Structures are given as C-alpha cells and as structure tokens.
Amino acid sequence: MTNVPATPGAADSGAAPEPAGERKVSEGLHFARRNPKLLIGTGIVLALLFTGLIGPLFIDQGPNVYVGPKSQPPSSEYWMGTTSFGQDIWAQFVYGLRSTFLVGALGGGIAFVVGTAVGFVAGFKGGLVDELLNMFTNVVLVLPTLVVLIVAVAYLDVRGVVVQALFIGLTSWPWAARAVRSQALSLATRDYVDLARLSGRRTWRIITTEIAPNMSSYLVMSFILLFGGAILIAAGLDFIGLGPANGVSLGLMLESAVAWSALQLGMWWWFIPPGAGITLLVGSMYILNVGLDEVFNPKLREL
Amino acid sequence: SSEGGDSGGSEGYPRDETLYTTGTAWGPPVNWNPIMRGQYAVGTFGLAYEPLFHYDPEENEYVHWLAESDEWTDETTHVITLREGMTWSDGEPIVAQDVVTTIELGQKDVSYSNIWNFIEGVEATGDREVTVTFSESRPQEWMNWAYSNPIVPDHIWADKDQQQLTDDPNEEPVGSGPYVYETHADDRMVWSRNDDWWGTEALGLEMQPTYIVDIVNASNEVTMNMISNNEVDLSNNFLPGIDQMIDGQAITSYYDGPPYMQSANTAWLVLNHDREPMNDVEFRKALAHSVDMSAIIDGPYSNLVEAANPTGLLPQWDAYIDHELVAEEGYTYNADEAVALLEDAGYTDQDGDGFIDTPDGDPIELTLQVPSGWTDWMEAARVIAENAQEVGINLEAEFPDHDLLVEDRNSGEYDLVVNNDRQLSNTPWTYYDYLFQLPLRDQQTTVNFGRYENEEAWDLVEELAAVPADDVEAAAEITSKIQEIQLAELPAIPLWYNGLWSQQTNTTWTNWPSDQGNPGYATMWDGWFELGAVRTLAEIELAE
Amino acid sequence: MWRYMGRKLGIYGITFVVAVTINWMIPRFMPGDPVSSMLNRASVSDPEALERMNTYYNEVFGLDTPLYQQYLSFWSGLLRGDLGISVWLYPEPVTDIILRHIPFTLGLLLPAIILSWIVGNRFGAFAARSKILDNTVLPLGYILTATPYMWLALLLAWALGVVGGFFPTAGGYSFALTPSWSWPFISNLLTHWFLPFLSMFLVALGGWAIGMRNMIIYELEADYSNYLQALGAPRRLIRRYAFRNAMLPQITGLAVQLGTIIAGALLTEIVFNYPGLGTLVLNSLNNNDFFLLQGIFLFVVVGVLIANFIIDIIYVLVDPRTRVQMTGGAS
Amino acid sequence: MTLRVNDLKVYYQTLRGDVHALDGVNFDLADGEIMGLAGESGCGKSTLGKSLIRLDGRMRHVDGTIELDGENVPIADDRAMNRFRYHEISLIPQYAMSALNPTRKIGRMINELLRSRGVRPADVAEELDRRLELVGLDPDVLKRFPIELSGGMKQRVVMVMATLLDPSLLIADEATSALDVSTQRSVVESMVEFRDRGYVKSMIFVTHDISLVYQMADTVMVMYAGRIAEKAPASTIINDPQHPYTKMLIGALPEVGTTTEDTRLEGIPGTPPGLLHPPTGCRFKDRCPIASEECSQTPPLVEIEPGHWAACWKTGR
Amino acid sequence: MLELSHVHKVYRVGAFGGARLRAVRDVNLTVEPGEVVSLIGESGSGKSTIGKMVLGLTGVSSGQILFEGNDVSRIRGFSAKKEYYRRVQGVFQDPFSSFNPIFKADRVFEMIRSSYFPATSDADWRQKVLDAIGTVRLDPGNVLDKYPHQLSGGQLQRLLIARALLLDIKLLVADEIISMLDASTRIDVLNLLADLKERGLGILFVTHDLSLGNYVSDRSVILRKGAIAEMGPTRAVFENPMHPYSRHLLSCVPQLHRTWTEVDEELAANPPEDVVLPTVGEDDDSAPLTEVEKGHFVGIDQH
C-alpha cells in the first residue's frame, strides 16, 4: 500500500522533468484546463475534502452518539443509515473523512519530507553520503511496511491519529527518496547547478532554489502518491484493530461494521460507504496524478 | 502436533453423527494438559477429563460424578468414594490413588496450589475411597475445587516434574470422560465418542454425537454465516445482531425473546478506592445512580443481556439475595438523585467548566478503561461515560490495550474499569471473595481490584467459606449481612449479567435447552460442563 | 555479475540484521511486559506461585539476562531456527506454528502475484492501444489499485458469498474434512481459496495494468519504436518489442510491490479468516503473543528478501542491458 | 531523375498555431546524387527528411507533391506510404545510438524486421554479412546486443540495416554528428562507398557541418527558415556561393589554420525568424546586408546556372 | 597564473562503483594571463573533467592545481571557495541548460550580486550590468527581463560571459561554449573570447573541434584518454603535428577547401618524420612529455 505502480516510468526510467518556463506554465494551464482526468480527479478530491471539513459543522452530535433508530437503511433523515446501535453513519463518514485526510496529509507529509530530504541529499551530495543513504533507503524499502507497522504499533499504549501518521510516515518514504534521488541526480548535472556553485551559493540554497522548483510537478505527484498510500496503510491498520483507540476513521468504520456483523445482517450501508470513501479518495488522487503527469509530461499529451 | 487423523477421512464426518460447535476456542488447540487451566483445547476438561462432582446451579446442589458418594466425617475430614468399574480411556481402572495424585499435584506450581493452604493431607483409604483432611474448614472453597477440577490418572501424572506439568501438551490425553481425542488442526478440535464411558451405564447418559468438531472462533461474521448455513450447531460467542436471527425455529437460544441468553457472570464497574473521589461512598452512590443500564442493554447489546441485581449476584443465586434489603437499599437509574447526592456531598462545579469538582475544589477528571477491541464493552463504556457527564462527572472512556489495562488494574493505576472475571459457581462466596478479599497486596491479580478495605466484610466472607457446602440457609444468613455492607458501601457497581452466549441451529440437532421446560446449558465453555452442560450432549436429538 | 550479486546480497544481509534488531528491540524498549501479560491470562491466584512462574517464563523467554546477552542469544537462537515459544499457543515453538500457516499464505500469494502480474501486464498493454480503451481501462485500473484490499474482499464475500452463496466466505477448507490428497478435499480447498485469491488478484491487477500502460507508452515513444515505424514495420512488431521492454521495469516493480501485496494478503486473509499468516498476525495481536508476531515478522522479511533476490536474478537474466553492464562488456 | 519535390509544405500543429517548418520546398535529386542539406538549427532540415518517409503525429502535409522514380509518393497517407518505406525510401536517423531495440540481439531484430516487410531473412543473409564487412564490422555483431557496441559501430549497423533492401533514396539525418572525427570520417566514407556500389541510388545527407558536406556530397542544398536558399554542386557552394546567406555562412566558418591573429571572421548578426508567423517576402531580409525594397516579395528559386539554384532577387539576373 | 602539475582524476564507475576509470592522467599545463589555451580531444578524453577540477567542482585525485600560487584543490570552506570564484569563473557547453528554465535569464546576474556585491546600490549595479552586457556586445533591451527560452543560444552564451565579467576575473574556463551554437553565431562568441584575451584574461578553452580550437588559441593541448598527447603553440601543433594521434586526428577533420583524399595524398607524398615518444611501464600511470622543439611537447602513445 506504500506505492502504486502508477508512475514507475516517471519514477525510475522517466525522462528528466521538462523545463517549465513561462510558456510551459501557460501551456500547462492550457492542458490542465482540458484534461478530464485532472479535472475529475481534483473535483472529487476537493469535494471529499470539503465534505470532511464542512460536514462536521452541520452535525451537532458526535459521530459515535446513538442518535437514531437502530439498523436503519439510508433514509432522508439518515443519509447513510444507522449502525446497529443507532449511530448516524453519515456523521461517522464525515468525521472519518476528516481523519482520513489528516492521516494522509500527516503521514504522507512526513514521508514526503523524509523522502525528499534523503533523496535530495543523496542525489546531490553523491559519493559516500549517497552510498550510505542509498543503502539505508534500500534497507527500509525492502522491509514490508505494513508488517513493520503492525509490530511497532502493536507495542504502543496510546494510539492516536498523529502517532499512526508518524509511524506511517517514517516507514513509507523510501520509494519517494529513490525517485527524488534519481531526479536530483540528473538535475544536479545540469549546468545551471554548477553555475550556481560558481556564483557562491550554498548547497542547501542550490537544492531549494535551483533543483526543487524544477521538479515541483514531480514532487507534487510524489506527495499525492504518498498521501494515497498513507491513507491505505492507515485503513489497513485500523481494520486489524491497530487504529486510533478513541476516534473515527473510515478504516475503523469498516472494522466495526465487520465486528458487528453488518455483512450477515445485510447492512450494506454500513460497510460500503467507508470503503467506497477510501477508494474514491485514493482513486481520484491517482487519476489526478495521471492528469498532472499528462499535463507536465509532453510525451504523454498525445495519444 | 499432527494434522489429519485416521478416521473421518476425506469424506468428512457424517453430518448426522457430528456436532459442530464454535465460539469457545480462541486459538488453535495446542494443549490437552488439564492442569494448564485456561490453555487447553476445548473439551479437554469436561469431555475427556472429569471432576469428582458436578454442581447443578438450578437445584443448587452437588451431583456425584466420578464420586459415587461423599461424607464429611467431621468438620475437617471429607471422605469421597469413587464409582465402581470406571476405567481410563487407555483401559486402566480409575482408583482412589488417581484422586490423591491429582490433589497432590497442587503441591507443585499449578493453578490450584492454593488449596494446600487449608488441606492437611489426602490419603487413599481404600481402593475407591479417598480421605481428605483439612487444617482449616473451608467447605465452600473445597467443594468449589472438587467440582471444578479434573482428576488425572496416577499412572501417567504421578511422575511428572514441574517442567512437564506446565509444559507438557499431553498430546494423547488419557481421560475418563465421554469423548476421546480424535484429531485437531489449527482451526478445529475433533473429539470422538468414548463408547466405553462409565456414565452411559452409571448415569444413563447416552452421548448423541459420534463426533464433536469444535471450531476455533473466527470472527462474528464468519460464525453468523456458518449459523445461517447450518454449518455449525452450537455457537458460544457473543454475536451482535443475533437477536435478529433467532426465530425459535431454525435458530434458537435459551429464551425466544430478550434476553435470549441465560446469565453467566456479572460485569462490574470497578472503582479504585485508592483514589479520590472513588473512596467516597457518596460519590460511588451518585455514580451508581447515574448509569442508565437500559441504554446499554438496548444499545450495544440489543437486549441480549439483563441488568444486574444491585447485589451483583446471578439469578441462579437468587436464594442468597436478601430481596427485602435490596428493595430498600438498592438503587436504580436516576440522574436527578445522582445530582442531588453529589451536591449534598459537596461536589459542585467550582471552576465553572461544567463538571463537578471535589469538595476541596480540585477538579475531577476520571477515565473509565475497557480493553481496546472489546467492542461491546467499548460501546457500553461510552454510554457510561456519557451518563456520568450528564450528571456533571467528568468521565471519559478510554480503550487501552488489554495487557496494559490488566497491568494498571493489578497495580492499582486506574480510576475505573469494567470487569467480569468471576463466573457462576457453586457458591456466592466466589463473588464475595472477589469483592472483599484481604489483605491487599501490591499486585491484585485476581480479586479485589478496587482495593477496597473492610475487615468486617472480609470476616463475614471467611465465615461464609466455612459454612457447610449444602447449608444454603446458613449461607444466606451470612450473605444478607454482607449485602447490607455491600449496598451501604458500594465497593463496586454491578452493571449487567453477561450472557451465557449460546445460539443453536436446529436443522441437524434439536431439543436444545430452553426455558420451555428443558433446563440445562448448551455451552462448550470451560467450567460449564461441570455445571451440567455435558448432559446437553446426551439430551439433544437428531432432527427429522 | 558476481560482484553485483554479492553487493545485493550484502544489502539484503544488512536489511536482515536491521529487521532482526528492530524485532529484538521493540518489545524490550516499548512499554508493557510480555510475560506478565501471559500470566495475566493464566489467572493464577497464589501470589507466590505467580512469582515463581514469572521467573520461570522470564527464563524461558530469555528476558532475565543483560541486554547484550539477550541480543546475542536472540541471534544464536535465530540461527538455529529457534524463534522462541508462542505465548498464545504455549508451549508450541513459533517456527512450527508459522510453518503450518505458510502454505496457505503462499498458496494465495504466489498465484495472485503471478497471475495478476501476467494478466495485468497484458491488460495494460491492451489499454494503451486506443484512446477509448485507455479511457475506460485506465480509470478502472486506478480504482482497483485504490481499493483497500480488505474492502474488496468484503464486497466479494458479501456479494458472492453471503448474498450469492456461490463460495464459502471463511476458512481454508470445510470443517467436515480432514486434509488428504483426495478430490473432494482439493475441490473444497479450491472453493475456499477462490474468493480471497480473486480479491487480491483484482487489486493487484489494477496496479500492474496501470504500470504497464504507462511504461508501454514510454516505450512506444522510444527511438527504436520511431525508427521501426519509419521503416514501415507493422504495429504488431513494434508493440511486441515495446511490450517486452516495458515488462522489464515491471519485474523490478514486482520487487517494489511485494511488501504491499503481502500487506494485502494479510488483510484479505483476515477478512476470509483464511488460515494463513494474516489471521495468525491478527490472532497474535489479539492475544498479545509478541513472540509469534515477531516470528511472523521475521518470516515475512526473510520471504521478501528471498523473493527480491530471485527477482534480481531474473532481472539480470532477462535484461541484456544490466547483464552487459555487469559483465563489464560495455562499449 | 530519382526524386522530385514540388512546392512541399509541411506544418507542425501546435497550440498557438501552425509552425511553417517547410513552406514551399522545390528540388530535384538525381540518380546517384548525394545531396548535403545544410542550414541553421530549426530551418526545417529534419522536417524535410521526416516528410519524405513518415510524418509524425503533429505534422501535417499542407501542399505539394513528391515523386520518386516517376511515381507519386503519398506522404500524407500513412498506409499507402508503407509500401515505400524501407523498400524505396530508407532512413538513418540522428538517434542511431538508440534506434535499435535494446533488448534484442541485433541479428534477430533485423530478421524480424525483414520478415515483417515480407523479405525472407535467408535471402539477404549473405548480403548482410558482406556489407557488414564492407563497413568494417565483424558479422559477429549480429549476435550481440546494441549495448555491447560502441556508438560508431551502432551507426554502421544502422546504416547497413537501413540500406539492406537497396532503397532508391536514403535519408541520413545528422547521422554522424555524435561521432568523433575519426569515426565520422569512416562512416561518411562508407556511405559514399554504398552509393558507389549502388546499394542506394541517391542520398540526402542532413547536417549542420558544411565542411563535412564538402567532403562527400555532390550537391549541397542550403535551407533558411523553411525554404530553400540555394542549391548547387558542393564545390560551387563552398567556392562561389551566390545567396547572401550562404555567403555569410561560409564566411563564418573557421578552418584549420585560421586564427584570430590572421583574420577576424564574422558571424551573421541577428536570428532567424520564427516559423510560427513567418515574415512575408524574403525570410532573410532582416539579416541581409544587401536587402532592398524588392525583398518584401518572396524571391523564387531560380536556376542561375545549370545545376545552381538560388532564391534571391540579387542573384541570377 | 594557472598551473596544473601531475593532475590525476579517477572516477569510480560501474554498478556500485566497483570499477575505476582514469579520466585524467598525469596532466601538466599552464595558463598565463592573456593567453588562450585550447584543450582539444575526442569525447571522453577528459577535457571537461580538467575544467571542472580547475573550477573546484570536482576533486583532484592526485597532483596539484595552483592558481596564483595557491593550491586550488586544497581550498576548504565555503568562503574560501567563494573568494576563489571571484577570480576564476566558468562558462559551460549548453547555454540552454546553464539557465534555470523557470527563472528569467538575468537572474544569473542577481546571483552574483547577492553573493559578491550585496552592498552595491541598485543604480550602480545596473550600470555595472549594462557595461558587462555592452562588453559582450549585446543590446540590453533585447536580453534583459526575458526567459531563457526567449533568447538564442548565442545570446545566452554571451550573457554567461557577461556574468563572469561582473567579477574581477583572471581566468575563464570555457567548456565547449560554442559546440551547441550555429555556425553563424559561434564565430561571434569566439571573437569575443579573443577580445577578452586582449584584456588580459587567461582562458582555458575546451573543445572537441580542432578548427575552432585553432582559431582562438595561443597554445593547444591535445588530449587522449586523459593524458596529454601533444601540447605546444597552436601553430606548431597544427602545422607540424608530431604525435601519431594528432596527425590522425587532423587528417580526419573535414576541411572546407581540402577533401580527405587530398589530405591523404599530401600526407602520402611527404610523410612526416617519426618522433620518439616517451614510454612508460605497464603499471606506471604517469604520462611524461618530451619536448620536441621549444615549447612543443609530445606525450606517450596509448591505445
């Protein structure tokens, strides 16, 4: 769940990012505006984000409060029906989206920061540093994330969204590091990087002002993939009971639907929305990513 | 451990000769060592090994099982005579020495070592006669042991050292009971009928299923599915939503309507008396009044359980409950009363955060812990916390890991927990022992988690232990006194009776115990065969 | 070539050491005491007996010596194939328990990985054929990869099991059967295997299809494709080349995805209560059997390492570019 | 007459409009002629080469006809063109280094290609070996992967492969630009050899290096901004160019031996016009030192002396 | 002014850096103020590597590079490097990749300003820039405030030279600065170098094109596989090449007025006299030079 084989092309063998000058930007906008994948993907992600942000404001009771009749199918009053105890599934869904976004942003964010930092340093510094970081990356890469997480999280006393995200972030960065490294490696040989050195610029300034902006589209795409990956991992952890002990998330909803026999009792409205929410969110992020790829990568524009 | 057996075979066990059960085992069977309480495969004790006595909670009497008769020759001497002509499943006769050996194993480190605190000696005074002498007369506790512990064959167990006792998985159990080991796999334990069982003749019990396949508990939805597909005959696990499937025809439980299940134990709200304000009886009372049990029973449990009596004693122990006293001193859900109680005792909101503070003005912030993953309890804890907040007590539900909770609970590092460690037994002494046992230790591993100290109550409990096993009246007299203290002091708050979860399909096997004049217990739980559940196996009938 | 393999093995060796060390460290440095948790469930009432048992188990589990000694003996045990004794299934050795469950997990994983890889690649290559196909297959593929494994498993269990009743939804084989090499048993095994397999297959399939589709587009844009077109080679030939060349990165993708797919297998098994490592993980979690959990962890890690190594070898064998670079035959 | 290109217009479609990369190109290529095609970067050399064999996705044939050996070449019709490709018109691409499938052995790839074009590989196997030897390659290279060959070797393999079916026209687009001088020389010499032996009838050799053209080409055509500036025999272009652009271009080339101390060469000021909205009239007029009024009219390509064509109002009168 | 003595450079290459590649072997050369030294050789002969070592962009494996008596390879620390770049600057092969495509082209001036002239006032600075732009004969109106893709290669290359001139440089390393330019524009850049030389600048001019190297330089160095094959005054080297490799190379250069056949015939008609080349043992990685006439050296013969 770490990584989607969506962009191996971009990640490993992919062409170096194209220069993005003023013309590129306007061209990008042009393609962005007429790229259905990008539009649909962004639309759905934003709609879900909006639901997660705004939705809870319209719900006066907490998501776990017994508000209604038990085991009700969706109705005008309870849009997604109620649980076996009469909790409003819509309320849970909306709050769940929130924490799903939180886990994604936090976990994906941490992984992104670690991954890009490692990738940049390795790709830019080269030599022994690269060698060591590369080894480190490979080691973490080979370790199966979820299994590591299970072992680690199992020993934790207090499980919250933040801790969960932290752990996810700290284990799922390696492929991003590798991708960023290979990109940085190719960008670091660009002449303007040497020129910046000759202009008396410090390494970190070169990384942040010369290299990073040139792979910004690439970085955005990495972040999106990490974001989606973090959400899926978190859902997996939640599902096996290693989720935040006292909260709502889409994964926990799925867990409790299963624990309370929603399948056997035919309460489809309990286990379909959380899974569908995750799939929709992560799926549209991936589609958005292809859209971005097509916008930024001229090779893919035709076809 | 081995997979696969020689019979059964690829064609499987004939459906009409096999009883499929589930819900008791939570892990693969790995161990058939009846001394390893709590670890052995389902049926090891009950189907393969048997105790001297059974206890019938309905009638509140002991039933002779391996023992043919018994007699207290004086207060500290118990003479037990075994039945004649019984054999172990390997053909050896069952003799007095087997009992002696079993009891003497208690001198090593086994779960029942504590009986040697009051046993003086045990002797085979005849081929089938065992005499147990006591240093201290504790018949309630002794009989509790006598019916709830298996007798093992001397010729196999006498020479085992400590290591073997605890580690030996005893893969080929040689027992006395109606079933013998057939095979096992990670997800099942298969027993086959012992056609030479002594009980067929002696008790007239003819075990119906040739095979019993006990399936390791998977998840609720798996079990629900198996029930609806008639893949399992008896399920002994809490299945949320099962009330929607029990129809009295294809799927039944003991009662046709709520609470569906018989009661098996009491879930207590345990308060830590070492901490403020739980050490204040007024606060405890207010808290007791604040809990809306009907919300819990109606909510997470969908009426599968019943609210507990204020004494916490199970319905089977009705004879020990002082109903007059309960009517007078008992409490029911009454939020206003709770508020009033708090106010009278000086608990008011002084800092204006909407929650009461101690009379000294210190804010009160309490947590109620139940193990994470215990979904029904988690839901219940949420309700309790909400109820408490409604009367102004700042109580939050928290779901730590089970082990962590146990550790904190044992060492007294908690505010409130829910606990139901004690089961139905031959005597309410087990419950009072649980509530009042003294002295307190650093670690309270099995009883008195609340660290409640009341010498008077504990003396009464000790007195109760000394009451002859069948003297209900004398016992009731003492329990009434205990209850007086209990209701006045509320050391722990009884919540609900956890059910003896049991749902049966009637497609293959019928005539399950029910309230329609067919008493008994349909369960494979450890400790319940001796309470009569094993008879159910003889009483069920093949469906037409 | 040997250098390269040696290097790779070195990395895997380090990974293994790191994994073992993590494994060793976590229970010792995180809160909670595995032994007392075990005794808690044994409900021993006599405090002295409890104390004695505590000492005894600490000894058994090797928690009573200085840390560095624990570490060394952990390793020596490991090298003897001794992963300790399960707490939950005391006194069974962890290794035995795991070995019993592994066939089920492998039986799910291997076909799911291999078939999804083959079919997914074909599917992706097929999608890159036309815009219409691309616009239908691609979103489908993305939705499939974005599906949490357990959710698809639930949906399938519900639709094809609970509602449809076509397949059993739990267990490895019927409870009425004992394992044997007979047809009824094998067919029973297969019906139980099918749904978990299918859900893993589908999720993984989406990923491969997308990967392939992206790769093949790159390949079709590559110089050699252009040149062949200029020489009038038929699309069939060009596609064949592009497909083959796009497969190569997909092999590496296989290594990268392994962790994810294993995670998926664990979750899927949990949904279907399939008697593989996944349910074992859940059980060891629920029973706080850390020795078992750690044993599984090590097994999975070793499995992943072996698989990675096999993939490395395959890759070297099939891609002349790496092979040539490695044998030093570059121009 | 092998090739006759008539008023060829090929545009690139882009977001901002059509790039007039070839805007009315006329020329003839005789049997056995090697024509060097020179000009500044972006003037349309590659576009011309590509147009003759395969228009890629964004190229649009706007106008003009092409005749090869008297037959019309339907360059706008991808299907119909297939008949010509490889058999009649072949290509050595600029990217010869990466033109071979990296994961196929060279021999196998050639065989597959031949078979797909309806040729039995066995029929040409001998010829293949002979030509490989001719360019100085051991036939063993067929058993190797492209990565095992050096750049020059790959270039030669591609050359042999491209000409295996004895095409009428071979287009070599910057085929030697990436090579070192010594390799460059031997590849170029092999090309001439191929023409001499009749493996190819005629050849268009696209390059930016005029001195290289001079070494091997019979005629040189200089393009400027999508049009032809001048076409003439090689020695004429070098020694007696007529078009002011050609003159200035030749004048800007330093030779081995010239140094700043002897002579200061001069470049051409200014930059070529964009082809998105090309200016009317002579496209060189903005940079031309002798431009005048009439240059606002497009100058026609006229034959100022036999075999010497130029498009400038000032020449050829 | 610049003196390389026994400079070696060894790269670790191959999968995991197992193999060693000797990119530069025992190179000795000097550049004096007001002198252009061409570094000529085929691809991979180590020209750029020498340039990079001089610019301190890559380390020296062994040997010394002295600039005005200070060992360049020993410069440690950021500020010392910065000071060095005040005197020594470089311009690279690809003008398009020397500019960060997402920023305006004149940002290269800004970088110099922020590093070296933070105190200069806006007006002074502007004047300075305009002067430099004038020196390279560009029209400020045409080149300032434009993105790199809006400028031609020649303009960009001249901007880079102007950038170097903002500093008080003594030495310019010009690595293939004309190979990407069109014939019509590159001559301007070459002429500019000649002008700079007259102002007293030392120039290390790296090229693979013999005729261009010959056009501007005072002395030429022909490199082969990292070692010097021949070195001497340009005229001597070109008119009387001594080393067989130089001869072969010269005979392959396409010339405008002589065909290869003519060259070959000339060569056959009066074959050059043989020279005795220095030799070294198998394992010896030194590359001694023999002086065949004053200031004209030949190096070892390697294949």
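Chains: A, B, C, D and E, in written order; residue numbering restarts at 1 for each.
Criterion: contacts are C-beta pairs under 8 Å (C-beta built on N, C-alpha and C of every residue); 3 or more make two chains touch, one makes a residue touch a chain.
Predicted model, so just to flag it, every value in this text is computed and none were measured.
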Chain C to chain D, fewest steps along touching chains: 1
Furthest chain, CA centroid comparison against chain B: D
Which two chains share the largest set of C-beta contact pairs: A-C
Interchain centroid distance [CA atoms averaged], chain B/chain E, Å: 90
Whole-Å gap separating chain C and chain E, where each centre is the average of the chain's CA atoms: 55
Cα-centroid distance, chain D relative to chain E, in whole angstrom: 32
Approximate Å spacing (C-alpha centroids) for the pair chain A, chain D: 50
For chain D, residues contacting two or more additional chains: none
Shared-contact residues (touching 2 or more other chains) in chain A: 157, 241, 258, 263-264
Touching two or more other chains - residue numbers and ranges from chain C: 31-32, 162, 286, 325
Touch list for chain B against partner chain A, complex: 219-221, 224-225, 228, 239-241, 244-245, 295, 299-300, 302, 372-373, 375, 379, 382-383, 386, 397-401, 404
Of all residues in chain A, those that touch chain C in their complex: 1-10, 12-14, 37, 135, 138-139, 141-148, 150-152, 154-157, 175, 228, 232-233, 235-236, 239-242, 251, 254, 258, 263-264, 266, 268, 271-272, 274-276, 278-283, 285-287, 290, 299-300, 303
Contacting residues of chain D [partner chain E, same complex]: 40-41, 180-182, 184-185, 189, 208-212, 214-215, 238-239, 248-250, 252-260, 264-268, 271
Complex contact set, residues of chain C against chain A: 11-12, 14-15, 18-19, 22-23, 26-27, 30-32, 128, 131, 134, 138-139, 142-143, 145-152, 154-155, 157-158, 162-163, 207-208, 210-211, 214-215, 217-218, 221, 249-250, 252-253, 256-260, 262-264, 266-267, 270-271, 281-282, 285-286, 290, 293-294, 296-297, 300-301, 304-305, 308
Interface residues, chain A side, partner chain B - complex: 64-66, 70-71, 84-86, 157-159, 241, 245-246, 256, 258-265
